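The two complexes that follow have subunit A in common; it is paired with subunit B in the first and with subunit C in the second.
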Partner chain A sequence: MIKKFNYKKYIVYISFIIVFTVFSIVLKDKGFSSPANLMNILRQTSMISVAAIGMCFAISAGLIDLSIGGVISITALLVALLLKYSISVPVAVTAGLGMGALCGAINGGIVAKVRIPSFLVTLGTSTIFAGASRIMTNLEAVPITNKVFNNVFGSGNIGPISSLFIWTLIMMTIGHIVYKKTSFGKAVLSVGGNESAARYSGINVDKTKFWTMVICSISASFAGIMYAARMHGARYTLGENDVMSVIAAVVIGGTSFSGGKGTIVGTIIGSIVIGILNNGLLLMGLSVSEQMIARGVVIIIAVSLSLRESRD
Partner chain B sequence: MGKQQEYALEIMDVKKSFYENLVLDGVSFELKPGEILGFLGANGAGKSTLMKIITGVYKMDSGMIKINGNQVSGEQISKIRENSVAMVYQEFSLIPSMTVTENLFLGSELKKHGLIDEKRQELEAKNMFKEFGIDINPSVAVEELSIGNQQLVEIVKALMKKPLVLIMDEPTASLANNEINLLFKFMRKLKQNGISIILITHHMQEVLEVCDRVIVLREGKVVMNRITDELCIDTMVEAMVGKAILSKDVLQKKGINNTQRVLLEINNLYWQSKLNNINFKVHYGEVVGIVGLLGSGRTELLKCLYGLLTPTKGTIIFDNKQIEHKLTPEKAIKIGMCYVPENRRKNGIVAIHSVENNMLMSIWNRILNYGIINKKISMQKVYDMVKNIKIKCVNKDQEIRNLSGGNQQKVVFAKGLLINPKLMILDDPTVGVDVEAKESIVKIIREFTNRGSAVLLVSSEFDQLEKICDRILILKEGSVKKELQYGRDCINEITISEAVQLN
Partner chain C sequence: MDNYIEFKNIKKAFIGQLAVKNVSFSIRKGEIHALLGENGAGKTTLLNILHGLFPATEGEIFIGGKKVEFFDSKDAIKEGIAKVHQEINLVPEMTVMQNIMLGDEKRKGILLNKKQMYQETEEILKKLKCKFNAKDKVSRLNTGEKQMLQIAKALKGQAKIISFDEPTSSLSNNEVKTLFSIIKELKSQGITVIYISHKLDEIYELCDRATIMRDGEYINTFEIKGLDKSVLIKNMVGRDVEMFAKRQKPLRANYLQTVLSVEHISGKEGYEDISFNLYKGEILGFFGLVGAKRTEMMKGIFGATPLIQGKIYKNNKEIKNCSPYNAISHSIGFLPENRKEEGFIKDLNNTDNMALASLDYFERNFFQNKKQKYKNALEKGKRVGLMPNDPDFITRNLSGGNQQKVIVGKWLTTNADILIFDEPTKGIDVGSKADIYAIMEELLEEGKSIIMISSELPEIIGMSDRIIVMHEGKITGVLKREEFNEAEILLRAVGGKE
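Moving on to the complex of A and B:
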């Protein structure tokens, strides 16, 4: 009954400040806190952020999507191929998002109708999607020469601000409104909080799960489009290692891993924490293998701080 | 445990407050060895705080506790308590997939060469059951036992450390009548073995039946401490709420006549083997009670009506329209039904969500403005409900799990009422709520039917059915065996239980 300062509510901001301060001090000479590097971090983080918005919906509904890596690369490759054959940008982008929706519909359909846990469904589809993206171009990379596409969705800037970051803000706003202010958002949280009570209260649980998985895949496919535009091309390796970062971002952001509670804004901050981590470890001059170990350790610490539930 | 003392447990002037809020205001009482003490009090009276102080979860601010004559204070507190006081909680702590023996010895397994000695455990479990005259096979999985037997296993588990005092928190809440009798028999056996029992309950009939003495707690004080023989239900209720409740305040009943419009008509309804050819009608403005023992199909019947189960055969006509397609709760709500489930924690509330989110769960899609939830309307609706049915909460954003059981149930009712239903389906809506909340739930039902809507009510509390039902259907083995009708038959607790027991 003793009221303690509920640090968990603010853990994402606390970890943000800690990670930022530590790297600012340690990497002072390497220009970590220079405006150019900070914008660089936001640019690198955008794809994680956008994918994490969808993941936040999935985790809030008590679901998870392990297949987003495959969705990212399939979308990026599809858009790159379409642009290569001179399809217009809006059509290519719509087709890319449609591909995301299709992948999500496969995940969601199996989760809702066959009633298999989303963890297992997407564990399976993750290798299916990843395999499909390898087949698409026979492992070849596809360059994108369409300047409009590259500028609008990736490497362009408006003033000093990267278009990637602007897209992140747009997606965050849409995500936040859907999450907090629509009946769908409430349904997602209810299903995640207590599926049975949600069903008794007239919420269509299957439908909610289906659309949550679709939203999660669509946001991953938007991240794929951003990757393609930033890299000026697509390759099957895009998004390959992002699943862990995206899930960690959502959890560090304060979303309950068992569902029912979460925040979109926190998710974005959580992604930026992950981004700072990736950037800082790189600037410290660690090798790739060392980075992997360090990142894993820090993520476990951050996640355990935000997940430790008081038992009552 | 040493020589026999005069008292197993002595509580002296125990005080406890949380912040400014005085929860226990000098509570004193004694418990003799082998005494069964009934402990009554409305939700929030301080019962659970006191029990948590006795079991050592909370520290008291001042006062003294003696266990078996020894004052417990300082460092030995936890040790003495651990050995002398055991508590059986409302929710089971058993692991369903494990066997009874495994559950009993969980955490303190008997070992041989570092490995679990299953044979010896099983033997000891058998002896234990034999000693208390319980007929349970210790090698079956707990999930295969009836709820009543699970409750007994739970108690035996608490007895494993041979306590002097056993505290039971509403042990009968989920039991059927015959299981309750079994439990009482067991409690009397424990009494003979010199174990003292504190029984926390809302059921006064049970107190009269099994307890030697009754203590009533109100606003942190002991307001009554008397031998059961001197008591009747009205005195206890009066002590609990501090005023006389008009317990015979009967709902204006309407003897139905054939001219009244039919709201719900059920014809030849079957569901698997549990429901066999059910036929009945519910009229506008009517309260129809359904009575039956556990396994009589009462819950299944309600679930078929609300679309939680799909009937194998039969027709349901609601509001002059036959329900054609597969019914779901979503559609049931759309055509004007709501459902208050039996198990509130499991099916009624999202514990980690706010009062507001719980209350509006069914109607979010009705208060949209261009797809966005209209904050003004949603706040107004919550505010009105909190005011109308007197829900005690800090504000609309308080997590519902921090409300008392009765107030949680009121929120579940509010959720149903906000649907604006023509028919309310209630599955034992007053289980585990205190007397005052019960009264206000009865009031809610009354006001609801006065506006012309109908209620279908399953309840295991016959006095409540007597108070509010216009008609009572007796369900047995999945079919309606008898019908009691106001104005034609005598409806009271006795006639209802007679009809239920009927073969």
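Moving on to the complex of A and C:
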């Protein structure tokens, strides 16, 4: 059987190449393609990438999580506070991830047991989490002076490679293996693809949805830890505007918005595309307001190209 | 009058594969013409070309001697070629009138001309002798009425040619009768009808002539009157197939060994106080009309919907807190009636769909054993006669009969002792039907037991060891094989005897 070349399957790689090439030419004089700037892009993108891994699970299961911004800032603040009171790094990080798991359990519990669509649940919890993070320190920023923490999870390098990027690779590998090679990954895809059929095949749909929401929040909380370490401190504004970039990264990466189909590697490339976009628009000298408009336009174009497949 | 619609050397290629190969035949004006063939024979493709859904790769179509060429379905509708969709395709929250006029609203200036639209709708409904009104909400109509509305919608544009693609698959017997009288009425008004169905009885009752297609090719056109059914079937499958479901191997039910015992179960879906035993090695048939609640009851047994009361024992051990997961771990499998909605995952390939109910089995230290799954899919695919038997093939892209085989493969993979087959041959071609019957018998030989829901009398009589008849949620009869009798079964199914 002759297989037609399906460009949509590779749309994320094509848009990656297009965005990269265009900026390399246009911004040649401004050092866009210099190694330093490229590593800078990867550094800036890492948090989006890690949060997008969890989001990819959620979207593949036919769910969505709009509350990740709040999870990011709560986690970052919690870790910063614990470190301020000289709690050891492993304990602080574990507590941060635990906080993510708790947020995810709240989302997942309501989705699975009360059976409210995840969109509405997380729309509600997103303001709850955001409010909670404001209360935690009364809007104050918390600096982190623990050098080990800052180096390991944020601003450090191994050779020329940023530790943020290494964490991204580690998370991507774990995410990819869980997604592709475990029963949980298959359960996620089947719940997203056809919930009834999954149920009739003995898959515990509620449990799968619950754990998917937990994983999504944990990956957001890991992104929060990376933010804190990169910024050497935490503030309630961290992650505030990331939810759109994260969802866009997943969809541009080739994950079906209606669930049932997705890829972790594509998701990472998708978030790098977003990162290149942010960086390129900045180097072009656009004002913040102009950047917002340009980013929105490009994201709509890229998303519409990758979604067209689902019409057949 | 002769040769009203003429297909000349029609070819249609999809991605390099010919779905229709050089088909030429003609349809007379005002006849009811059946298109027959197994799934994947190219009937629907040919029809879609006629309806302008996509162009033919080669060939011409003449209507009334005039060559026609349609670029989309609107062109075809303008020419008076209407289609009644296989799946019901209405907006439930709108009224009957709004659905009929959808996309073709009449206007007066910039406002909608409701008066005219109601008037036109009432006329159509009157012509079809519909019992519902233009102002009724579609969500309140029953399946038969919805089907009627689909026809009304199709007829709106003064159709001269109207096609039905398996219109009876979701209708009750009464609704089928009404539909047939409408189709005959259409014929008497001089409308040409093209009718696709797998049910030969319908063809004999309704159609004047039948054209048979196989593997995309035109085989023959027959006058139905006086034609032997076996000739039709032989032409459809290209080989001899037993006409009806029939047990090929000796019966082997052991009535001393109960494998499943259902005691006084009721559910809020409307089945009440159901008790029965399933014995080792038997096929226990469940017959009933629409509304008999057979599927609902089986879903209760399988744990997909909760029971209000009652107990279920597997090999004398009670199954508690029943859920599909639990039922599967008790070695019970369930092949649902709605393949697309409940049977398989659309974007997964055959390997994954067949492994879906056995994910624990394929797990080795947290990871799915891909090689083993692939091997399993290949092996089960071969056993059920899957075509093409390619584990990497996306299940959604298979024909209906083959999709069903993948789902059978999924339950073979679980190695379940008890399999509940809900309408296993609904809407699938004759060849696949025979394959599925053969597998059911093989399963019995392996010592497994089967519950089969079927609404086709020849099938249930041919295949079952015993038949339980249900009427409106209650059991109205248990018949042994020597007591099988069509009239008796039907009488109990309509609630005429308990």
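Following the convention adopted for this analysis, the second predicted complex is superposed on the first by the 305 of 312 C-alpha atoms of A that agree within 3 Å, B and C clash if a C-alpha of one lies under 4 Å from a C-alpha of the other, contacts with A are read in each partner's own complex, and residues count from 1 in each chain.
As a convention for this text, a contact is a pair of C-beta atoms (placed from the backbone, for glycine too) under 8 Å apart; a residue touches a chain by one contact, two chains touch by 3 or more.
Remember, it's a predicted structure, so these values are computed and weren't measured experimentally.
With subunit A as the common reference, subunit B cannot sit beside subunit C without a clash.
In the superposed model, A:Met136 lies in contact with neither subunit B nor subunit C. Counting contacts as defined above, subunit A residues 1, 177, 181-183, 186-187, 189-190, 193-194, 196-204, 256, 260-261 meet subunit B in one complex and subunit C in the other. Of all residues in subunit B, only 18, 58, 308, 328-330, 332-334, 339, 341, 346-353, 357, 360-362, 364-365, 368, 371-373, 401, 415, 419 touch subunit A in the complex they form.
Across the interface of their complex, subunit C is touched by residues 1-4, 177, 181-183, 185-187, 189-190, 193-194, 196-204, 256, 260-261 of subunit A.
Those residues of subunit C that touch subunit A in the shared complex are 15-17, 302, 304, 323-325, 327-329, 334, 336, 341-348, 352, 355-357, 359-360, 362-363, 366-368, 370, 410. Subunit A contributes residues 1, 177, 181-183, 186-187, 189-190, 193-194, 196-204, 256, 260-261, 312 to its touches with subunit B in the complex.
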